[in-house]
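Heads up, the next two complexes both have chain A, just with different partners, chain B and then chain C.
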Partner chain A sequence: MLTFPRTLVAELRKTATLPGSLAALAVASVGPLGISLLNSMGVRNALRSGQPDLVAYTSAADAVFSAAPLGTVGAVVLGVIAVSSEYTANTPDAGGGRQITATLTATPSRLAVVAAKATVVALLVLATAAVTIPVCLGAANLVLGGLGTPADVGDTVARGVGAAVYWTLTALMVLAITVLTRNGIGPLIAGIVNSSLVSVSVLLSHVTPLAYYLPDLAGMRLFADDSIATFDGALDPIPGGLVMATWALGLLAISSVVFTRRDA
Partner chain B sequence: MLSISGLSKRHGSRTVLSDVTFHALPGRVTGFLGPNGAGKSSTLRILLGLDRATAGTALIDGRPYRELPDPLRTVGSMLDGSGAHRSRTARNHLAWVARAGGLPKRRVTEVLDQVGLAGSGRTRVGRFSLGMGQRLGLAAALLGNPAALVLDEPVNGLDPEGIRWIRGLLRAHADAGGTVLLSSHLMSEVAEIADDLVVIAGGRIAAAGPLDQVIAGHATLEEAFFALTADRSEQRC
Partner chain C sequence: MTARRHRLRRATTAELIKLRGLPAALAAMLATVVAGALFAAADPAGPAQAVPFLQIGPIVLGVLVVAAEYSGRQIATTLIAMPRRLVLLAGKAGAYLIAATATSVITIGGWLVPGRPAGRWTVIGAAAYLVLMGLLALGLTVLLRSLVLPLAGLLTLVLVVSPLLAGYTEHARWLPDQAGRALSQPHGDFTTGAAILLAWTASVAAAGTVAFLSRDA
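Entry: the complex of A and B
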């Protein structure tokens, strides 16, 4: 483990310089900003025209946090490609090799590789969130001027941290799943569809309240309140976040064991 | 010294390697010769800690690859071309490998020069020809100035000038006391370059020893090769 720092720096460099990673981080930052702006313009127009019942919420914070799923999409893309890029085969013309060979000959400790990748993805997602969410809040407040319903500062900060945690844990879960599948297509489609279009867990929650313990729904209240989505049985932020973190750690543990035992 | 001893590998019911034993010695170029699918890559992957053996050991100076404290300074390797992601530049690929191996950054420029890719460091690997990919793979193998080189089909895709160049490079490495183990299915290439020969067919070692001893009694390496591997092929059919 003495060599872990260099593995970490190598993985940081490797992930941060992959063009796909930059695209993922762009989605996670520009996406929420764009939707936050659209949302807050909608709220501003409704309030100006004296029809606040046209919109589900009237605060800048809600306009921003209802755009958070796009940040999740970016986090999913990053978590997937950090691993799937290792398994992308070169063309047969170029020898058909995969980067995982270079990775594991340079760092034979599989556990170090998974730990470094998870740390790097978490750091990049958290850093993106730390810039994106305050910028979104500032932009939404600018658009709304003094029109919006003021939100409690402590509450907004907590939801901002919650959104960052939600993005990070989602990225770690898809990273772990991609280690198992060794191919990014499945985790990418499942992750994006589930976090942006139709959540399987939300559908299941109509059938059984146990669905609120599923990975994506458990942490929903980290950033979403009732004005964004009504979930009567949803877990509170802290217990929900802990359930989500347990899922992420569990999946990382399983993928580490499989990765360590499997032929590369 | 690279020591392969009693190595076996099964995928389910299919036996890929059975009881493979041989050595690659310092100061010698060892050619690992066999038809496609004979078990060359499987053996090298186990030696490099990528795959696990069902039985037996593959050691580098007495230790398994996964236990080497500084693997890139001990063994340089190349499997399936460069191993670089298509969207990276050659320089970027070598830079993260150097980081992971705890090697100084200047080595990146040095090995790019050494393999003749100095002018292509900023080109994306996806635009490389097979020969350039092989040179980049070799650059990565040389990054840590290792005593041993393990190369899978290194002459694939190289033009005649490239083949001549790699022959000189490997010869010089062995003459300086290094260990070179290279696999190939090209007999003429192996005959040109190897001091010692290990012939594998059907997952079993058919012959091993100094080149002239293995060829003894046959006119050429090619004849020796087909005579040595004929039994195996018949057994498999």
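Entry: the complex of A and C
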């Protein structure tokens, strides 16, 4: 157990220095900021011209949280490449090996590897969210001036924390799935599709209300309210967040078991 | 002329054989066909609602046809076997078009079953849209020489950014997917949509071709 901090630092170094990580974190920070600015400018223009019915919402908070899916996309990319980079074959000039063999030689405890990777990804996503969401809220408020509908501060903070939790849990889920598939394509596609507005889970919710227990829809109310997405049967923030967390922990548990028992 | 046509046919055949060896590409094609059949059964009115989901398949296919060359250095082997880069690209595009057209036609075919109300043009337009979006993905991957970047980038554009922007500004209709969507809608502006989508695909393909011809592999 004494070696775990070292494993953690090693995984942090590996993950943070992937070129894709930088791109993922850039998507998760610059993306929501850009869309928040566009949204709030749209709201401002509609309010100034006296046509508030042109926009779906009139508060700065809604302008920001409707941009949250882009943060989810960044989290998905980070969660996938943190694991898939270990399995990408090197160039034949360098022996064509995979980094996972070096990783497991250095850290034979497989559980420690998975735990460290999950911790690092969660920390990076949370840190990005901690910077991005307040900046977006500040920018949207600045654009709207005093025009927007004032939102309850406690409510906005809760939704901000909710969005950060949603991003983190999504990253952990795709990380766990990538440990299982040992290849990034499938988890990447599934993650991006289900963080989008045309999610498969939303389609399934038309067929059966059980779809609201699928991870991406269960956690939806953590940051989205009716002005962003109207789902009559959606779970409330706390139960929904718990369902989503159960999915994430369950998938992590399965992938840890598989990873410890199978050949790399 | 005959020699050139012969070369092109051989390049296309070689690329088709390589494509057949990619499990992810076969999975993408199969998943698209199955999803198309399910959508056609659930919503027989027309493919417009299904196209945003179905386009994932051709995009994955277009990215994989090229990206598989760059995971490892298969591209070096390929260029030794086929030093004419323009012929190689044409062969790749040809193999993609054969695979994607077959997939799209079968996928969209579910709406052509007799007695279905879907208009003939929306069905043809939807199939053309799927093929063209994948061709756009192929051109982008030639340009970027990577798997994750074009795949994540294009999927994010069509599934997340484009709907968000469409809610903000009418100028989002110039995006390739928003413009091309008109092809599958009963009352869409067919010609304008097709022209915008073709312009996107052609310019990305041209940029990819120039880059592929002029730079080191």
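The definition used in the following text is that the second predicted complex is superposed on the first by the 263 of 264 C-alpha atoms of A that agree within 3 Å, B and C clash if a C-alpha of one lies under 4 Å from a C-alpha of the other, contacts with A are read in each partner's own complex, and residues count from 1 in each chain.
Methods note: a residue touches a chain if its C-beta (ideal position, glycine included) is under 8 Å from a C-beta of that chain, and two chains touch if they have at least 3 such contacts.
Everything numeric in this text was worked out from a predicted model, so none of it was measured.
Once chain A is used to superpose the two complexes, chain B occupies space next to chain C without a clash.
Of the two partner chains placed around the shared chain by superposition, chain B and chain C are both touched by A:G96. With the two structures brought together on chain A, the opening angle seen from the C-alpha centre of chain A toward chain B and chain C is 80°, to the nearest 10.
Look at A:K14: by the touch rule set out above, it reaches chain B but stays clear of chain C.
In the superposition on chain A, A:T3 makes contact with chain B only, not with chain C.
When both complexes are overlaid on chain A, the residue A:T88 reaches chain B and chain C alike.
In the superposition on chain A, A:V27 makes contact with chain C only, while chain B stays out of contact range.
Of the two partner chains, neither chain B nor chain C is touched by A:G71.
Within the superposed three-chain model, A:P187 lies out of touch with both chain B and chain C [touch as defined at top]. Closest approach of chain B to chain C, taken over C-alpha atoms in the A-based superposition, is 10 Å. Shared contact residues on chain A (touching chain B in one structure, chain C in the other): 20, 88, 91, 93, 96. Chain A meets chain B in the complex at residues 3, 6-7, 9-11, 13-14, 17-20, 85, 88, 90-91, 93-99, 101-109, 261, 263-264. Those residues of chain B that touch chain A in the complex are listed here as 45, 48-52, 65-69, 71-72, 75, 77, 79-88, 92-93, 95-97, 99-102, 125-126, 128-130, 133-134, 137, 140, 156-157. Taken in their complex, chain C has these residues touching chain A: 24, 52-53, 56, 60, 64, 71-73, 147-149, 151-152, 155-156, 159-161, 163-165, 167-169. The touching residues of chain A, when paired with chain C in their complex, are 20, 23, 27, 31, 35, 38-39, 42, 56, 66-67, 69-70, 73, 77, 80-81, 88-89, 91-93, 96, 183-186, 188-189, 192-193, 195-198, 200, 203.
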